[in-house]
Each structure stands twice: as C-alpha cells, then as structure tokens.
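Letters are used for the chains, namely A, B, C, D and E, taken in the order the chains are written, and counting of residues starts over at 1 for each.
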C-alpha cells in the first residue's frame, strides 16, 4: 500500500513536470521534460557510456565512506573519552568542515595527486563530521547507573566503551551514518567536479559544458539512484544492528 | 591551561606551514605562506574590502540556517509522528540531498532569481537534512514507560511531543544542529560560487580568477572564523538548553 | 622504446574541444615523437597553471588572462605555443533586447560563467573598447548553463564562447544577436605555458611535444570527420559525433590566423599578446607591466 | 453499577503465551481492592489493562461502564518510579495539572501539601537523580494523587519505603480514599499491607484470579487476632505453608 | 582483621549537606550485616561508599585492609535493577564473567543454576523489557551472585518480590553466604528480613549509625519469641511505637 502510494506520487510528480515543461514550452535549457531525461538516461545506459563513470563514483563513494566513517567514528570516540582533547582539537575539525572543499581541491591535488585519492580524501573529509558529532553525542548518553555498574564489574575503559557506551549510543551513531552516507555521495560528486576526468561529477560538468541538460538530469538521476541505494543499505544495516533494541 | 595548549598548537602549526612553504619553495600560487595570508587578511580588513562580503555571507548563513533548521526540525517531527509518511517521502528527501546543489545552482538561479534567495535556498537545503535525521532519531528514543505515563495523564499528541519527546531527544537534536550550522556555512559559501557577486564565496572565486591565492586563503580564514563563531554559539545554546540534564 | 612522460594540465575535463590531446591511442602523434602524454583536468585556466606550478603537470593549456595573472604574481612562466590565435569569446543577447554593439551594454545585466572565468575577463575587454567598465553593468554569475537565464529574461546578455554559443543554438537558443570580442581585440584564446625551469630542463621533450601537438592539430584541420569520430570515443562529452564535428570545425577555425598561415600552426603573435597585456593592465587586472617578448619562447616551434 | 469491571479478561503480549486469563472482577465505587500474587503472575499487566494501557485480547475492561480508557480521571503509580529527569520534584508532581492548564495557586498548594505529607518538602527543587530510591517513589505517588483522581491504580507504591513511612502512608491513603470515595486497586507483596488496606484482597496466580477475600472491619487492627487470621488465609491461598508468630 | 571497615566515614554529594556522618562499622569475614533506616537516611550512599562508587569526604573505607575499591571481587545489587536493554537475561547474568573472559561452560552452568534457583529458567532468552518487575530484580541478583564474590552489597534486593519467593531467597542467600564465607551488607526496609538474615543489624538515621544489634542464633527462627523480641528492639531503635501481634 505504502509502496503503491509512493509510486503514485512519483508518477504524479513526473506527469506534472512533463506537463509543466510542455505547457510553458520551456526550453530544454531551462528545464528538460522527463521524457527527454529518460531518453538520455536510456541511451547512456544502453550504450555503456555511463557505466565506467558510475563505477568510478561508486568506488570513490565506498572508499571515501570507509575512510571517513572510520576516522569520524574514531575521532568521536577519542574526543568523547578525552574531553580535554575535544576543546583543543574541535576548532580544527570545524575549520576542516567549513572551508569549502571545492576551494581546497587544488591543494589536495598537489598533496594527493589526481584522480581517485583526491576525491576519496574529499569524500572522507565531508562524511567524517556528522559521524563524529553523533558518536560524540551518542557515547555521552549513558545513564550514570550503568556506568557505575561497569565500574563495579571492573570493566576496563575499552570494555565500557565497547559494551556499554557503544550499544547505548548506537541509534545516534547510526543517525550520523545516515547523514554521512548522503554527504559522502555529494562529496564524491563534487570532488569529481574538479579533480577528475571520470565519474558522475565529471560527467555533470561535461554535460553542462555542452549544455546537454537532459544528459545532466540523467546523470543526476543516476546520482540519486546511487544515493537511494546507499541510504537503503544503511537502513538495512540499521535494522539489523538495532534489532535487540526493539523487542 | 587547555586554552594555552590550543594556542601553542596553533602557533606550532602555523610555524610548520611557514617553514614548509619556505623550505619547499612552493609557489605562493599553490600554497602561500601564512605571513602572506595574514598580510592579505589585514589589508582586506583594514581597507574595509571584506566587510560587505562578510556581511552578505553572514546574513545568508543566518537566514538559510533559520529556514533550513525550521524545515529540518519540522520535517523530522512530522516524519517521526507519521511513520507512513516517512516511507513515502524519505526517497525525495534523500534525492534532494545527494543531488549536488552546485549542479542545480544554474537552475535555482532561473527559479529563484539571483542573489540572496538562491543562496538562502541552497543553504537551507543543505542544513535541513542533518537536523531532520537527528530529530527523527531523537524523538524515537523515548522509553516506553514514559510514553505510557503521558498516555495515562491524557496528554495530547502535541503535549507528548513538546513535553516528552522533545526534551528526551534534545541532545540528539542539538548534535544535528551542530552539524547543520557547519554545513550551512559551506552551503552559503558554495551557493555564492555561482549565484552571487557578493559574499565570501564570490570573493574566493574572484581571488581564484586573479590567481591571488593569498587573498583566497585570507577569505578562507574569514570563513573559518565565521564557522567557529557559529559553532561556538551553538555550543553556548546547547549548554543553556541541556542544563537541567546535568544536575 | 623508452618514452618521456609529459603531463598536460588543461582548463577543462577531457572534452571534444581538446581532441588533439586525446587521440594518441588511435593516431600516435605523441608516441611517434617518443612522448608518453597524459592529461589532467582542471576547472579553469588558473587550475592549469597551478598544476604546473605545483609539479603535477609540465605543460598548461591555459588562457592568456591566467598567464598574465600568474606573471603578475612573479611566477616565471613561458608561453611556447599559440593554440587558438583567434579570440573565441562573445557576448550574446536576444534579438528583441536591442543590443547591437558593446556600447548598448551600458546599464544591462550581463551573465558570466563565473567570476573567475575568461568570459568575465573578455567582457571587461569588450567594455573597455567602448569606454565602459564593469561598474557600468551588472555582472551576474550564471554557471555553465548560461543561456537559461538569458531565455528566461533574468539577464539581458551573456558572455560566452563560440562553442558555447554553438551548443546553445543546438539546444534551441533561437534568434540572437552576437557581439564577437575578436572584432575589437583579437587576442589569442589559449596557449601552452610552461615553467621557465621546465623549459630549460626538458627543452627537447617539449620540442617533441609541440611538434606532435601541431601534427595532431593539422590532422584535425584536415580530417574533421575522423576527428569527430575519435572524439566520440575519447572525449567525455563526445557521445554525439555530429556535434563533435561542429565543435571541431570551430576549434579548427580558431587554430589558424594570418600568422599561422605564414609561419605554421602555433606561431606566437607577440605584438598581439603585448597589446592584450597592456589592456589587462589598464583594466587593473594586472598590476605590473609585462614584457611579452620575454615571456614568449618561440624556439620550440619548427622553423626556428 | 460497579466502578471498574473485568469481564473474563484475557491478555497475551504479542508473540508470547497468555499472562492474564479469564479474570472476572468488579470493584464498587470507593472500594479499596488489593491484589497479591507471586512475581510474574500478571499483577502489573492487570493494572495496565485497567488503565487501558494494554488492550485485552479477550473479554473487556469497563471503567464506569465504558471500555477503558474512558474519560475517568485516574492516578497510576508504576512499579518503577517514572519521573522526568529534566523536571524538578515540584514540576514532576505538577505534571498532571500542567498538562491540562497553567498550574494555578490551587495546584501549587495541593502539590505543596502532598510534598509535605510525603516528607519531600525539602526536596521540592531537586532533580530526580538527586533523590534516594524511596524519595523517588514518593514523588511518583504525589504525582498520582495530585488531581484527586476517582481511580487509583497503584503498583507496589510503598515497596521501597521504610516501615514507618509505609505505615503512615497506608493510613493516609486509607483516610484519603475513604473521604473522597476514591476507588483503589492496589498491588502489593506485603500480605499485612493487603489485609490492612483492602476491603477485599484478591490472589492472582499464573494470570488467573484464584481467590478473593473480603476483609472484615475488625481485621483492620494490626495487633488483633482477626488481622492475623486474615493474613494467614491469604498466605494459604498463596500456597505458603509456614505461618508467622 | 575486619573484612570491611568504615572509619569515621562522612560523605556529602557536591553542593549538598552531608548524608553520611561519622560512621564507624566493621564487618568480620563471613558476617551478614543488615542495614535498616528510614527512606533517605543514607543507606544506598553507605553501600556505594563500601563499593568505592563514592569516595568518602571524611574518614576512609577499608576493604580487606585497603581503601575501597581494592581488588576484592564484589557483587552489588542496585536499588533499581540496572539491566542492559540490548542483552538477553542470560547475557545480562553472564556479563560479569564475559567482562573477564570468554564465558566458558562453567560460567554457563553457574548462570543456568542461578536462573533455575531464581525461577527464571523460562525467561533466559528474553530481553529485560519483556520481564515483570520482580523478574528484573531477580536477574540483577543472579548477576551479582554469578562470580561468587567475597563481598555482597545488596540494596533492597527482595523489595519487589512476593513473600514466598522472598523467603525462599532469604534462605538460599543465607545458605550460600554461610557455605562460602561470603560477607554480606544488606539494606532492607523489612525488619523481619533484617533480623532473620543478619548476624548484626544496624540502624541508620540521618546519616549516622544510631544502634547496632547482635542477633542471637535463636532469634533466627521466625515464629520464636526471640525473633519477635529482636524485631521489637529494632523497631524501637527506628522510633516506631506500635509493635505487631
């Protein structure tokens, strides 16, 4: 039922878009009709034109996500356990986040070279932050009685972290992961805007350069599908991990 | 003490950067030494060149943050209260997030016109998501006994939301806000890359155009300071709001 | 056979416009000169120069504006080849707007790709020719899809390039008025630029590269059909060979001038560059007086 | 008409076997009814069925003639004190009022009176985490009493209180229920408490009501023989052999 | 040497007045010591001081001669059952073992034995939220007993249990403590329970130890006169006038 409602909404939206594009006789430059986008999408997929780019972005997304989430989670744990460090390092973390990566891309290219590495670094940098913040917050949400329990049981710091704080903070950490997954894809695509000759981001810029808006929207559809798949995978992971929480 | 350690770290980092820039005889076009950046910063501030841009970005940041957080919070509440809606709308939300705003900016300009509106829309779109996700997660963390209590007390849905779920989810929501604040600034600056001729983002691009890398870094310093100020303000707000939680 | 690795930093992704740099696999222009060519992308001429300054690349495919700016900052750079002697920039307006010449731009809203782009610099050049400055118009940053706001009436005119106008027309731009900047100041659009140090240390490889590029450009001039087909395979935006062909025709047209007809492809027009540099200085885009004779290195080209 | 009525009520948590089976019980208005039974026999579940927090899977629960939860104002004390961490004791107690209106002077006076009666006046401005276990239970009790509900559902409200406080509160509760005609369903593990408080005492076992005893007025005096005898009967119904001195 | 020793211990929560004052007490190895006192008098705080969860602001607490917490393995039952929501009953009980090693067959056997003794065998795979209040308390008790600690600190462990279970467990606890020489500090509100269990019973009031009674062996039999007399003495020390039948 819900699935049907969702599908219906999609069809209605697309129909409105198509009708709008026709009614206002909008130039494809301003807003291409969905039919043109679908045609372009189909062509790109059938001819195999999209696949290498989709693969490139997919690989960057996965690598960047792995690195970024690894560091984000690690930093969250570290700063949660060492509050003194938090006051010292947090400004640097904030700066690393607010500085537009697009502006720093030339520097990344100098440091990390062209292609995969730079894009992965950008992706990692972008998705690092939400996971860190949410880990930080999640780990702090342990009720004091349980901390006392673990102290009494002689649990080491590590055990308290792994077996108490982490399970308690899990919902919050997973919310961070959902944000991170979405941001990581944006990071990968934006990284490709500048530093790459392959990938969906590069394709978007190329399509803009040749003012092929149907192609650009087709690529955006691919990006969206990739994003939806990644998000859905996160939800599945979440459902598995949170199972004992909803008996 | 911590403040001193932080300051020391900053000085050491800057010294390393200066030494590195000199040792490798890097071109100032690639990585300007901090001295050049400081000189450029000082010049821009003293001559008043930066102020209108700083103001423009600040205004966009505040407006975008207000709109984005408003919608993000609202959507989080709505989707938390109506899980059916969540399954239907979430894909659209994800798509709105993974589609790079930079690619859509030209179309935003067509839809929303140049200048403030477009940038505010982008900013809002970007900072909307983390707040939504964290609100969604935070509101779901209420222990069932307390929900039962509120049911027994005949609390309306609205009251249960405002007086139980919200206070319970507050730490999580505030973590979302911290992420949102940081992303909003990125959004504002990136929005200015294309849609504006004023603001720190426009300044960054202009500096890139004239290959004035020290100026670009000076602007990045301004962006960082703005980001730190905004983040600090969020922390203060958080400290106030969470006071009853740490008696 | 041992080949020398040489990296070219472009201002764009590997698009049809730079087909001569993308066809080594098929045509072997560079291989036969003992050069192993690589291409690194960029977003603008500034990126290309930054990439050679940082050692990521050896040769920059960049516009004179970026070259001037870098020279102005004290970088030691040399221009070794004139890729497009013709100025390809223009300002496009709808017929009904009544803009016929640069003077009509006064008080109008004019779109540029970005504040860092050649469209803006060339717009400034054009305005300068009729005694206007940027402050007499409203500059609007539109991004690459710059004809959309023109069609929607959010700008009165938009600065573009010849290929931009071409694809715009194909996408249904309709009847427009075009002011070509080249009519007023026909300065080169793109050059190969290297660091002085590279020129000294790798002169021989550079010479072979220039020779190879020239062969590739000549091939593109002679065989536009074939070039369009190869570009369909190599260029990221080349999926439509018919469009490729038109783009290639435009680039071919920009690659030749009276001077190149006399001295061969790539010949540098020092006087024209000097004029441009002087105008850039008058516009305040560069601070120092640049002596282009010192910057141009002609001795890599055959016949010198 | 009975005030609260279970009509062959059965209940099972989803995915588990039945925990309440065929319970028929009715409480007259103003009756104090005590429920005893072994741990896990379904007392809390029965209380939640009465409150409408659980919906019976069989039969029905009627409160003043309508299926629970109807509009009857009721006070509930959970087995574990369920206080809101971010509210002071005062605000926790005032919660039921503040969900209906801006708490007025009258509410504040009622709150202060309850706090004083429960020995919490000095703790009115503390947060729950700063209280001892018994102080938390008392706060929860005060909250349930604030609005003078017609029905009180109490789940071992005095379990973590010392004997003195406990006996004082038993007397206070009885006085209050009698004077206001409040109907009370009271879960306890203390048989003496059940006999002292209850007009009737029901024994629950394995989800079934096995016996209901009416307690005569003279069994109300703790050192009377009737009290001991009533206790002994309840103990026996619970399956306890040994009898106290 | 005494096993657990309070030496003029005082304690105050930061920003509040003292809640434990000048407490001198020592428990011999294998002693079962009960602590009674009115709600809020400082029993839980004293227990936490013994466990080293709170550090005394005055005096010191010695466990086997060293300041608490030393290395003495101890079992603690909190006043509210503090179980981990995401672990099954089994895993909650095994927690102390699994924090030290991979729980082996022996641990699993000990866990199963405890669960069976506490009547929880059928609930071993449930999560805490699926248990009744008393079942949760028993799980917490099983957890405290799993590793056979030398010291047991129990904060009203039987408060939410029915009389039968309670008396069974009292006997079990006593047997266990005697056979293993476990030292027990036991907080309760039930005076009968204190007298039945304790070698000595201490009365706490306003943070001070006001009296300590030694309970003679013959007072251990619940229906003996000595039992009643001992209870009466404790009640009196608590300030209760009335005596039960």
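Here are some notes:
One rule holds for everything that comes next: contacts are C-beta pairs under 8 Å (C-beta built on N, C-alpha and C of every residue); 3 or more make two chains touch, one makes a residue touch a chain.
What you see is a predicted model, and the numbers here were worked out from it, not measured in a lab.
Between the chains A-B lie more C-beta contact pairs than between any other two chains. Here the spacing of chain C and chain D, counted between their Cα centres, is 86 Å. The distance from the centre of chain A to the centre of chain E, each centre being the mean of the chain's C-alpha atoms, comes to 51 Å. Centre-to-centre separation of chain B and chain C, using mean CA positions: 37 Å.
The set of chain B residues that touch two or more partner chains comprises 30, 106-107, 110, 193, 208.
The residues of chain D that reach two or more other chains are 80, 129-130, listed in rising order.
With touch defined as above, residues shared between interfaces to two or more other chains in chain C number as follows: 50, 54, 143-145, 148, 152. Per the contact rule defined earlier, chains pair up in contact as A-B, A-C, A-E, B-C, B-D, D-E.
Contact residues of chain E toward chain A in the complex are 48, 51, 53, 69, 73-74, 76, 78, 80, 82, 84-87, 95-96, 99-100, 126-127, 129-130.
Of all residues in chain B, only 2-3, 5-6, 9, 30-31, 84, 87-88, 90-91, 94-95, 97-100, 102-104, 106-107, 110, 129-130, 133-134, 136-138, 140-141, 171-172, 174-176, 178-179, 182-183, 185-186, 189-190, 193, 201, 204, 208, 216, 220, 223-224, 226-228, 231 touch chain A in the complex they form. On chain E, the positions that touch chain D within their shared complex are 13, 16, 36-40, 43-44, 79-80, 119, 130-135, 138, 155-156, 159-167, 189-191, 222-225, 227-228, 235, 238-240, 242-245. Within the complex formed with chain E, the residues of chain A that make contact are 145-146, 148-155, 159, 163-164, 167, 244-245, 247. On the chain A side of its complex with chain C, the touching residues are 27-30, 43-44, 47, 49, 106, 109-110, 113-114, 193-198, 202-203, 205-213, 215.
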